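The structure is given below, and queries will be raised subsequently.
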Amino acid sequence: MTRLTSELHQAIDAKAFAIRQLCLEFITCAGWGHIGGSFSEAELLASLYGGIMNVDPQNPSDPRRDMFVLSKAHASPALYAVLALSGFFPRERVFSYCRPDGLDGHTQRGQCPGIEYSGGSLGTGLSYATGLALALRLGDNFASRVYCLLGDGECNEGQIWEAAMSAAHYGLDNLIAIVDYNKVMAKGKLSDLMSVEPLSDKFASFGWTVLECDGHDVAEIQMIFHRAKYLEMKGRPTVVIAHTVKGRGVPEAEFNYHWHTHAPSIEQAGQFLAALNKTYGKQEKFSRPLASPKDGGLEAVIFGDLA
Amino acid sequence: MTRLTSELHQAIDAKAFAIRQLCLEFITCAGWGHIGGSFSEAELLASLYGGIMNVDPQNPSDPRRDMFVLSKAHASPALYAVLALSGFFPRERVFSYCRPDGLDGHTQRGQCPGIEYSGGSLGTGLSYATGLALALRLGDNFASRVYCLLGDGECNEGQIWEAAMSAAHYGLDNLIAIVDYNKVMAKGKLSDLMSVEPLSDKFASFGWTVLECDGHDVAEIQMIFHRAKYLEMKGRPTVVIAHTVKGRGVPEAEFNYHWHTHAPSIEQAGQFLAALNKTYGKQEKFSRPLASPKDGGLEAVIFGDLA
Amino acid sequence: MKISFSTKSLRETFGQTLVELGERYKQLIVLDADLNTSARTVLFKERYPDRFIQCGIAEANLFGIAAGLAAQGYVTFPSTFAAFAARKALDQVYVNIAYPKLDVKIAGSYCGMTATECGPSHNCAEDLAIMRALPHVKVLDPGDNYELRSMMHAMMAEPGPVYFRVAKVNAAELFGPDHNFEFGVGHLLREGRDVTLFGTGFMTAVALAAATLLDREGISAAVAHIPSLKPIDEELIVRQARATGAFVTIENHRVFGGLGGAVAEIVSREYPVQLEMLGLGDTVFEAAPLQDLLRHYELTPHALAARARALVTRKRRATAA
Amino acid sequence: MKISFSTKSLRETFGQTLVELGERYKQLIVLDADLNTSARTVLFKERYPDRFIQCGIAEANLFGIAAGLAAQGYVTFPSTFAAFAARKALDQVYVNIAYPKLDVKIAGSYCGMTATECGPSHNCAEDLAIMRALPHVKVLDPGDNYELRSMMHAMMAEPGPVYFRVAKVNAAELFGPDHNFEFGVGHLLREGRDVTLFGTGFMTAVALAAATLLDREGISAAVAHIPSLKPIDEELIVRQARATGAFVTIENHRVFGGLGGAVAEIVSREYPVQLEMLGLGDTVFEAAPLQDLLRHYELTPHALAARARALVTRKRRATAA
C-alpha cells in the first residue's frame, strides 16, 4: 500500500469514528434513534463520502454529482453525521434531530443539503434510485452514478426485488446498490426471523453483478468500489454485499437487536463512548454536555392546560 | 406407456379441449374475459383436477382435500370451466360469468364450490397459499397439499418473492407453485416489457426446488407432478415452471397479447372453435346459440330514465 | 337542458392529451405497469417511445421510479388502474411522492365502478377518500372530455402531486372546447331554488338528468359540478347552502369520505343544511356491465330524483309548519 | 370530573390481552412483521410460540398469509404499524381479507401521530379514513385500556375483519374494569347543553379537559366518546345534535374522512348542526415527542375550548337575533 492510500484509509477510519461519536451524541440528546444500523454503515458512508462518490459540499445540487439514496432511512443518523462532518451543513444542525422543525427521524428529501430521498418505509429506496439512474440516462449524463444503501432485513421486502428486476431489465450500469449485511433486523437475527440467504445468488439471478466485501475494512471497501465503478460488466447494475456488524464498535451493542432502535441514557452514552474509544484506540470526549428530553405525553399537555 | 395411463392422458386432453370450448362460449356470451391465459393453463388445470389433486366435487370442503389457488385470477374462466366439467357445480352456472349475482371476472372465495381464494390483484396468491399451507401444518394435516398457479408476468410482482422467501424459510414442502410460463403478459412479451429470466435460478436462489415441463404435454405434466409430490426434497417448497403458449389452440391467439383480454364477437367465436377443432382434430359444435350483450353504459341509463 | 354524449371515452382523451402535452413539455414522461392499451397511454408510447417507461406488473416499483425521475426534474405520469394506485401502491405514493411534493401526476384509470366486469379487485370506489386523506395531493374527477383535457394542461402548470380519475366511459358533454379548469373551482351548471344536486366526474350528468325529471313535477333543482375535490370550492358550496338549503350528492364512489363526505364536512362547519348522499354503500361489487351496475346500485336519474323529492317535501313541510 | 392517567400504555394492554385471548381461543394466531417488541405482540410470542408467525419485513405477505390462515378457520391478528397496514398493504387487506370477509383482526400500532419521532413515514393520520372506505371492515379507536381489552374480546365473538388502533400512549382512564364495548355504540361521558365535544381514541380525554375549562367560564359542554367509527352510533349523534345544536370533534387523525367526517356525514343527513373539526390538516408531520406534536398542531384542551367557545358565542348571538 502506498503512503498516500494508507493516509486516505486512516482519514476514512477517523471519519467513521467521528460518525459514531456524533451519532451517539445527538441520538442521546433526542432520546430516540437507531444506533445499530448507524454504526454498521459507518465505514461504508465514510468511504462513499470520502472520495468514492463525486459530491461537493459547496455545491450539493451539482447536476453532475453522484447521488446517494439511504433506503434503510431509519439509519439516517450516520448519514446526517457524515454530511455534517463533510461540510454539507453546520455540525450543530444534527442536534435538531427529532425536534420540531429539525431533522426527521428518517431522511426527508430537501430537508438539508445532501438528502435526495424521502424514506422510512423500508423497501422503497431501490425503486427510487432506479428512477434517478434512469433520469441520468435520459439526460445523457454518463458521468454520474447512483448509490443506494439497503438493509439486509429490508431485502425481505418484495419491492426490492421488483426494483432489482427492473434495473437489470433496463441495463442500468450507473446504479450501485450496497447491502449493509449486518445479519440482524429490528427484532432478531435474519436467520431466525426471515433469512435472505443465499443473498448473492438472489441478486445474481435477478441479473446483477455481485461483489462482496468486509464492510468495516476500509481498504477492502475502496478496492471493491473501484471494481464496481470501473471494472465491472457494462450493461448491468452492481450490488456490493458488505458484511458488517450491527452496532459495530460497542461490544454490548454488537449483533444485539436491543440496540437496533433505542437511545442510550446519558450514563449509557458515556459507557458507549468509552467502549468506542477502547475499540478504536482513541481518547475522545463528548463535544458538549448531553441532555435528553422527557416526553410528558398526553398527560403533560392535559394537566398543563388544566392547571 | 401402459394402456391405462394412455387412457388417462386422453381423458385429460379431452378435458383440456372441453375447457377451451366452454371458456370460448361463456366469454363470448359475457362479452368480456381472458382467452389467452385461460387457454395456456388448460392442460395444467385438466391435469390437476384430473387426478393430481385430491379433491372431491361431492365434498368440496373436505378438510383433507388438496387446495388450489389461482393467483392469476383473471384466468378464472378455465378454472370455472374445469370445476363445472368436474361436477363441482352445474355446467349452466358458468354462463352467469360477469352478470349481476353471477360468477365474478376474477375468482371470489366461496362464490361457487371449489374456489378458495379472492383474487384479481396480481401477486397476492402465493402469500395466501403460504397461509393455507401453514394452516395445514398447524392443524397436523400432512395429507393435503396446496397448489398455486402463477402467471409469468405476475412474477414481476415483488409480493411473489416475499412469499417465496417465506415459504422456503418455513420449509413448506406441502406447497407446490406452478408458473404458467407463456412468455406473454397483458400488453406484450415479457422479454420486451419486463423479463423474469432466468426464472428457475430465481426460484432456486429463493430456496425452492425447481422442476420444468412442457405445460401442454399431459404425459410430462403427470410425470413432473408425481416428482413434485413424491420424489422431491423434504423441507422445501417446489415450483413447476410449465412452458406454455398463450392462447394455445387458436393460432391467431397464440403468443398474441391482443387476445390476453378480449372477448370474441359471435363470428370470431365460430372461427376460434373451428381453429380449435383443427388443432386438436375434433369436430365439436357450440353447446348453445351464443349471444353477447351490449353495454349501453351511462347513456342508456340516462336516456332510459328521461324517456 | 339537452344532454348529449361524447362518442369518445374519457380514457381516449387522456391518451390523446398526453400526446399533446408530450409535444409541448419535453420533460414529460409516462410510465406504465403493463396496462398501456387499456389506459390508452399506448398513444404516447407510440409517439414518444423514448419517454415511455415500462415497469412491468409491479406497481410499487412504478411509483418509486416515477418519484426518482420527478426528483430529477421530470414531470411523470405513472399510469395504472385506480385500484392499484390508491390501494396497491399507496405507501409509495404517500412516502416517496406526496410527502416531498414531487411533480407526479397520477392517473387512476378504470376508477370507481368503471372496471365493470373486472369486479371488486379492479373496481375502486375508495380512491377519492383515500387520496383526499393524503397530504399535499390534489384530487380531481373530471366531468367530461373537455374538462379532462383542460385539467391535464392545468396540472402541468402547477408543480406537485395530483391524483385524477380517468374513467372508461363515454361521458355526457358538460362543457365546450373553451372550458377552463381551475383547481378548487366548481361550476353551477343549472340554477334552482329548492335543492342543489352535486355531482363529480361523469356522474354529474345523472344530476342534470334528475333535475330535468324534478322540473317536470315542479321542483326546482340546481346542479353543481365539483371536479376538484381537493382543493374544493367552499364558496360555491356555501352559496348553494344559503340559496337552496338542501343538498343531494351523487358520485361514482362509496359514500364514505368522497364527494358527499367533503361537502358534508364543509356545510357542517359553515352553513349546515340537510344533505343526502348517493353512491356505493358498504357493499361488495358485482362484476357486470356499467348500465347494470348503475341500475343495481340505484345511481340513476330516477333514484336521485326520488331522494331529492323526499328531501324537498320534508323541507317544505318544515317551512309550512 | 377528575382525569387520571393509566401507567400502562395501550400497546401494553394490547399485548397482554392477546395473551389472555390466546389462552381462551386456541385458533387465535398472531403474525408479526419484525416489530413484535414495539407492538408488544412479543408477550404472545413468548407465551405461545407455536401460534406466533414471523413474516419478516414484508407487510404484503403478512396480510396474505393472515388471510390464508383465516380461510382455514384461524382467527388471525397480523400486527404492524398503522402506516404499513393502512398504506403499504392496503390492497391485500382489501382484496384478500375485506372482500371475502375473512376473520382477520388488524391492529394498527403507532397510529395517528403516536409514532412521534419516527416522523411522516411511520405516522399514519389517514388510517381511519382509509379503512372506513373499505367494505365490510369495522373500524375502532379505543379510548383507554379497559375499552381496548373489552374491544378485543368483542371482536373474537364477531366474525369478520376489524381494524383497530393501538396507540403508543398512556391514555386517561375513561372507564373501569367492567366496561363493556359494543360495536356501533358510543358513550356520553358528560352531559351538557351548549355544545357537544366528540372524541375518539385517547383524544377523548382532551375533550373532557376542554369541557372542564369551558365549565369554568359558564359554557356547558357535553362530551361524547366514539370508539366505533364503523359502525357508528348514529342515534347518539343525532340525539346530541338535537340536544346541543353545535359540535366540535377532535381526533388523532387528519380532518378528512375520519371522526369529524363521519359525524358530518350523519348530521348533515339527519339533523344538520354546526360542526367544527380538530385534527391534523393537510400538513406534513414533524418528528417530535408527543407533547410537542400535540401543542404544535393545536390539539390541546385550550385549543379545543377556544373553538367550542367561538361556536357557542356564534350560536348564542344567532338565537338572540
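Assorted remarks:
So that you can tell them apart, the chains are marked A, B, C and D in the order they are listed, and the count of residues begins at 1 in each.
One rule holds in what follows: a residue touches a chain if its C-beta (ideal position, glycine included) is under 8 Å from a C-beta of that chain, and two chains touch if they have at least 3 such contacts.
Predicted model only: the values in this text are computed from it and were never measured.
Chain pairs A-D and B-D differ in how many C-beta pairs are in contact, and the one with more is A-D.
When you average the Cα atoms of each chain and compare centres, the chain farthest from subunit D turns out to be B.
Centroids of subunit A and subunit D (each the mean of its C-alpha atoms) stand 35 Å apart.
Each chain gets one centre point, the mean of its Cα atoms, and the points for subunit A and subunit C are 41 Å apart.
In terms of their C-alpha centroids, the spacing between subunit A and subunit B amounts to 44 Å. Shown for subunit D are the residues in touch with two or more other chains, namely 55-56, 58, 60-61, 83-84, 87-88, 91, 95, 99, 120-121. Counting partners per residue, subunit A has 108, 118-121, 123, 156-159, 162, 165-166, 169, 194 as the residues that reach two or more other chains. Taken as a contact graph, the chains are fully connected, with every chain touching every other chain. Those residues of subunit B lying in contact with subunit A across their complex are 123, 156-162, 165-166, 169, 194-196, 198, 201-202, 204-206.
Every residue of subunit A that touches subunit D in the complex is listed here, in rising order: 30-33, 73, 98-106, 108, 118-123, 153-154, 156-158, 185-188, 192-194, 261, 293, 295-303, 305-306. If you check the complex, the residues on subunit A that touch subunit C are 108-110, 116-121, 123-124, 126-136, 138-139, 158-159, 162-163, 165-166, 169. Partner subunit B is touched in their complex by these residues of subunit D: 29, 50-51, 53, 55-56, 58, 60-61, 63-74, 91-92, 95-96, 99-100. Interface residues of subunit C facing subunit D in the complex, by the touch rule stated above, are 83-84, 86-88, 90-91, 94-95, 99, 120-121, 125-126, 129-130, 132-136, 230, 247, 254-258, 260-265, 267-269, 272-277, 282-284.
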